[in-house]
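Following are the structures in question.
Below, chain A partners chain B and then partners chain C, in two separate complexes.
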Partner chain A sequence: MFLYALLSGLTLGGVYALVALGLTIQYGVSRTLNLGYGEFLIGAAFAVFVMFGTFGISPYLLAIVVLPGAFALSWLVYRVMLMPIVRRARSPMALEIDSLLLTFGLLFAIMGIMLLMFGSNYTNYSYLSVPVRVMDATVALNRLISFGVAVVVGIIAYILLMHTRTGMALRAVSVDPVGARLVGIDVNWAAGLAFGLGGAIAAMGGILISTYMTFTAEMGVIFTMKALIVVIMAGVGHVVGALVAGLVLGLIEAFVAAYLDPGLTVAVIYAVFLLTLIIRPQGIFGRVAR
Partner chain B sequence: MISRSPTPYVGILAVAGTLALLPLYASSYQLAFAIGLLNFAVLATAWGLFSGPTRYVSLASVVFFGIGSYTVAIVGEVMPWPAVLLVAALIGGAVALVVGLATLRLAGIYFVIFTFGLSEMVRQLVTWYEVNVTLSIGRYIFLDITQTQIFWQLLALLAIVMLGAVALQRSRLGFALRVIGGDETMARHFGLNPTFAKLALFVASSMIMALAGAIMAPRWTYIDPAIAFNITLSFQVVIMALLGGMHRIYGPMLGAILMTFLFEALSNHFPQAFSLMLGLVFIVIVYLLPNGIVGRLEEGLARTRRKPATASAKVGERT
Partner chain C sequence: MLEVSNLSVRYGRHLALENAALNVAKGEIVVVLGSNGAGKSTLIKGMAGLVRTEPGAKITLEGTSLHKMPAHRIVDAGLALVPEGRHLFSTLTVNENLMLGAFLPRTRARAEESMERVFAVFPKLKQRLTQIAGTMSGGEQQMVAIGRAMMTCPRLLLLDEPSLGLSPLLTSELFRALPSIATTGTSVLLVEQNSHQSLAIADRGYLIEKGTITGEGTAQELLASEEVQKAYLGM
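Our next item is the complex of A and B:
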């Protein structure tokens, strides 16, 4: 029981960490919260479902097509939809409300299109659901691979952000957009790039999840919410924090489901979230905003 | 600043009194439609009451609406109807007090996210309780309340809410709220207590929503957590209030009327396209109607009268 909960918590947490990483990059750099974020995850899951069904290509290989697509779409969302709002905003608060409402619109629009295309049925397909023994417990191979891929993508993203010039530029914008402009960083370029990267990471999460979870066109909101909880708990823009908090969230969910009641996972996660908001509103790893 | 003319009160009472005759002439389909419309008008007005001055976008409307409905399902048959309504309002207010105390000190964005998930959490808790404690997921509501009576109750509630909103506007609290909406830091320097004012409004608005949920409950005969706490309702309420315009008391109601007709037409012809349409309306509001239809009309009026733009209301200001 314990080992099973630990393993399923780690595999789930790995994907949560990945998905939260994408959102924290988007939100941290562009400072506009994308509530349609989870739709990119579900969109990728459906894209893979369709292509796997018609061509029979491995979902992991399909990432070569899906990720650039998600990158381009997310980049377009920022450049076409959000930039006009950023330009006309008179105060940060007005921008906050406008971008929230706009991305609500995006959420429902993408969800609506997926509902029209696929209906509201639960969808799943079987790929590599071979049982593997890990010590005393059995896990499906696709879950193990997901965890592995999540770790690899997380490490790659970390290296790109921390050890390249582009990564440094993105971090500079997330720390201080005005200062970044003074040292010659194009803030709009950085925000667009961050949106694209985040969208691609969300799509990767969608591909991984689709191999072992049933999904519906209406599930994007749930992933957005969990990713947001992780991002806020960790502190907005904190990459390592998001990875750690994502894993912890997955573990909490798995242990609550195993020992308490599967019907109480959201309630417990919410309680943890609320406690964090009250005790440390800036996030566990976050610094107090100046 | 503070007007004492009785015209708005008389106007509201006259309109409500005229509309009260509607059930005598309307068909049962028209009456059902009117009930849906009034319900949204109440919810959107209550939402605007809190979110208009404070600019906090709450997605918890359905939590309080659902609490009202569930109260009826649980105590509806053992208590007289007025007592049921009172209990629903009190429970809604108590929950709002707890939620408000925990979250209203936070920045606006955290509030949105928290309320975003609150309905999901409440839905899960109620489901868990019903499955594990009462051992059945749904509940039946058999009450001897006709459609006409529901219509009258909602109409009365709407009239009371509108009268209250006008009175609030003219009260000291209303004035304080306008100052807070304009600049919270400045309001603090005047010795106003923004958190208290926000909390009071949040509780009042939530009690109204719980009442609406309680009044609507007898229409369902069967409810379960998925029906009573369906988050789509929260989004519908937000979009109605924003479409109408939050800076006027009657703005959300106007939005509710327009959107109810739109939803009705769409669900008859394109039942699948509901989400897509909701999304597009959100996008249109942000780009084209930042102050709602009322704001746009006022701008148009101000332009035709060749007056400077000061006639259009500013953010956070309600008149």
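Our next item is the complex of A and C:
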């Protein structure tokens, strides 16, 4: 049972880590919280569901079209919807509230479109759900692949952010937007790019999850909340923190489900979240703002 | 090389800066003296594009108009600001902070050469490249902030109260560095409350009071003037 919980925790945590990574990039750089984030994940899940059903192409290969699409849409969301309120925001607090209201609306708009197209039925399809033996436990191959892809995407994102000039610029904006403007970085360019990257990462998460999980048009908000918990627990804008905290969250869920009760997972997650907020309000890896 | 006229800034109904005018020549060090809330920071932020300025202002740097340009393009045009509070990338290393100063394509190719110039002015930074900027002392952080601004290869360097929060010793160390920056052809404009030390290194100065520029003169003239002695030098 231990090995089974560990494996299912790692596969789940891998996706949580990935989804949190996308949100922390969006939120950290643009300072606008995207409540419609999870809709991009579910949108991608439906997109591969339809395309896999129609053309029979592997969902993993479909990432080649779905990810750029998600990037472009997210980028547009920032440029068209959020930039006007960023421009007229009088204070960071006002921007926070305006962006929450706006992306709350976005959540319902995208969800409504998906409900119209797919209804509110549970959707799933079968792809590579062949059992694989890992030591004493069996796992579905699609879950293993999903974990592997999450790890690879996480590493690529880390390298891009830490070791490229553009990545350094994105980090600079997330640490100090005023300082970034003073070295010639166009903060709106950076925020648009971060939104696009975040959206693409969410879509990757959606593709991975769709291969082994049942999903509905209304499920986006669950992923937004999970990602948000991870991001806040880790400290906003902290890339490695989001990856670690996401993995830990997945493990906690799996072990609680295996040893206590599957119905308790949400309660335990929120308890851990609350505890973190009480002990370290700036996040486990976050630094106190001065 | 820098010409400013008719520059006004309004915060809501409050007119924080009214029709400010000043100029800075190439290689010159100019100081704007004023007490707290006189509009010094507003003046400098208005030039750097960090606050919205009223229409009708004229800000030109070697013939290029900077008025209403976004802040990041003003940097590209050759005006760099070391802001109040420094706004360093505090969780990044000193090296990353400096390299970000050379973010623009115009400055990227000259990054190594600029870095040498920074080390020539602040040799201390050379040993601190891998340190996280936020863990440094105030004086060292100010050096990084000035170094970062120098990395943008500015024609004009603006400094917003660089002595704020620094010990007198560190302040004089910092002020001694400014003439060596100016000799490389970069003009320096700083706003200060610390009149003694800033006038000692400046070529010229302006006085600002309640949002308007009320006087100007060479550093010697200002040091000798009764008005300045009473208001700023505590004599």
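The definition used in the following text is that the second predicted complex is superposed on the first by the 290 of 290 C-alpha atoms of A that agree within 3 Å, B and C clash if a C-alpha of one lies under 4 Å from a C-alpha of the other, contacts with A are read in each partner's own complex, and residues count from 1 in each chain.
FYI, a contact is a pair of C-beta atoms (placed from the backbone, for glycine too) under 8 Å apart; a residue touches a chain by one contact, two chains touch by 3 or more.
These numbers were taken from a predicted model, which means no experiment stands behind them.
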Report task. Have a look at chain B and chain C on chain A after the superposition and call it: clash or fit. Result -> fit
Report task. Could you say whether A:Ile185 touches chain B, chain C, both of them, or neither, answering first, second, both or neither? Result -> second
Report summary line: With chain A at the apex, the angle to the CA centres of chain B and chain C, rounded to a multiple of 10 degrees, reads 90
Query raised in the report: A:Met168 contacts which: chain B (first), chain C (second), both, neither?
Result: second
Query raised in the report: Taking the superposition as given, does A:Tyr270 touch the first partner, chain B, the second, chain C, both, or neither?
Result: first
Query raised in the report: If you count the residues of chain A that each partner touches, which comes out higher, chain B or chain C?
Result: B
Query raised in the report: A:Glu96 contacts which: chain B (first), chain C (second), both, neither?
Result: first
Query raised in the report: Can A:Gly105 be said to touch chain B (first), chain C (second), both, or neither?
Result: first
Report summary line: Superposed, chain B and chain C have a smallest C-alpha gap in Å of 12
Report task. Provide the residue numbers of chain B that touch chain A in the complex, in ascending order. Result -> 55, 57, 102-103, 106-110, 112-114, 116-118, 120-121, 124-125, 127-128, 131-132, 231, 235, 238, 242, 272-283, 285-287, 290, 315
Query raised in the report: chain B touches which residues of chain A in the complex?
Result: 33, 81, 84-85, 93-94, 96-98, 100-102, 104-113, 115-116, 221-222, 225, 228-229, 232, 261, 263-267, 270, 273-274, 277-278, 281
Report summary line: In their shared complex, chain A is touched by residues of chain C numbered 48-50, 70-73, 75-76, 80-81, 83, 86-92, 96, 99-101, 103-104, 107, 134, 148-149, 151-152
Query raised in the report: Which residues of chain A touch chain C in the complex?
Result: 165, 168-169, 171-172, 175-176, 178-187, 287, 290
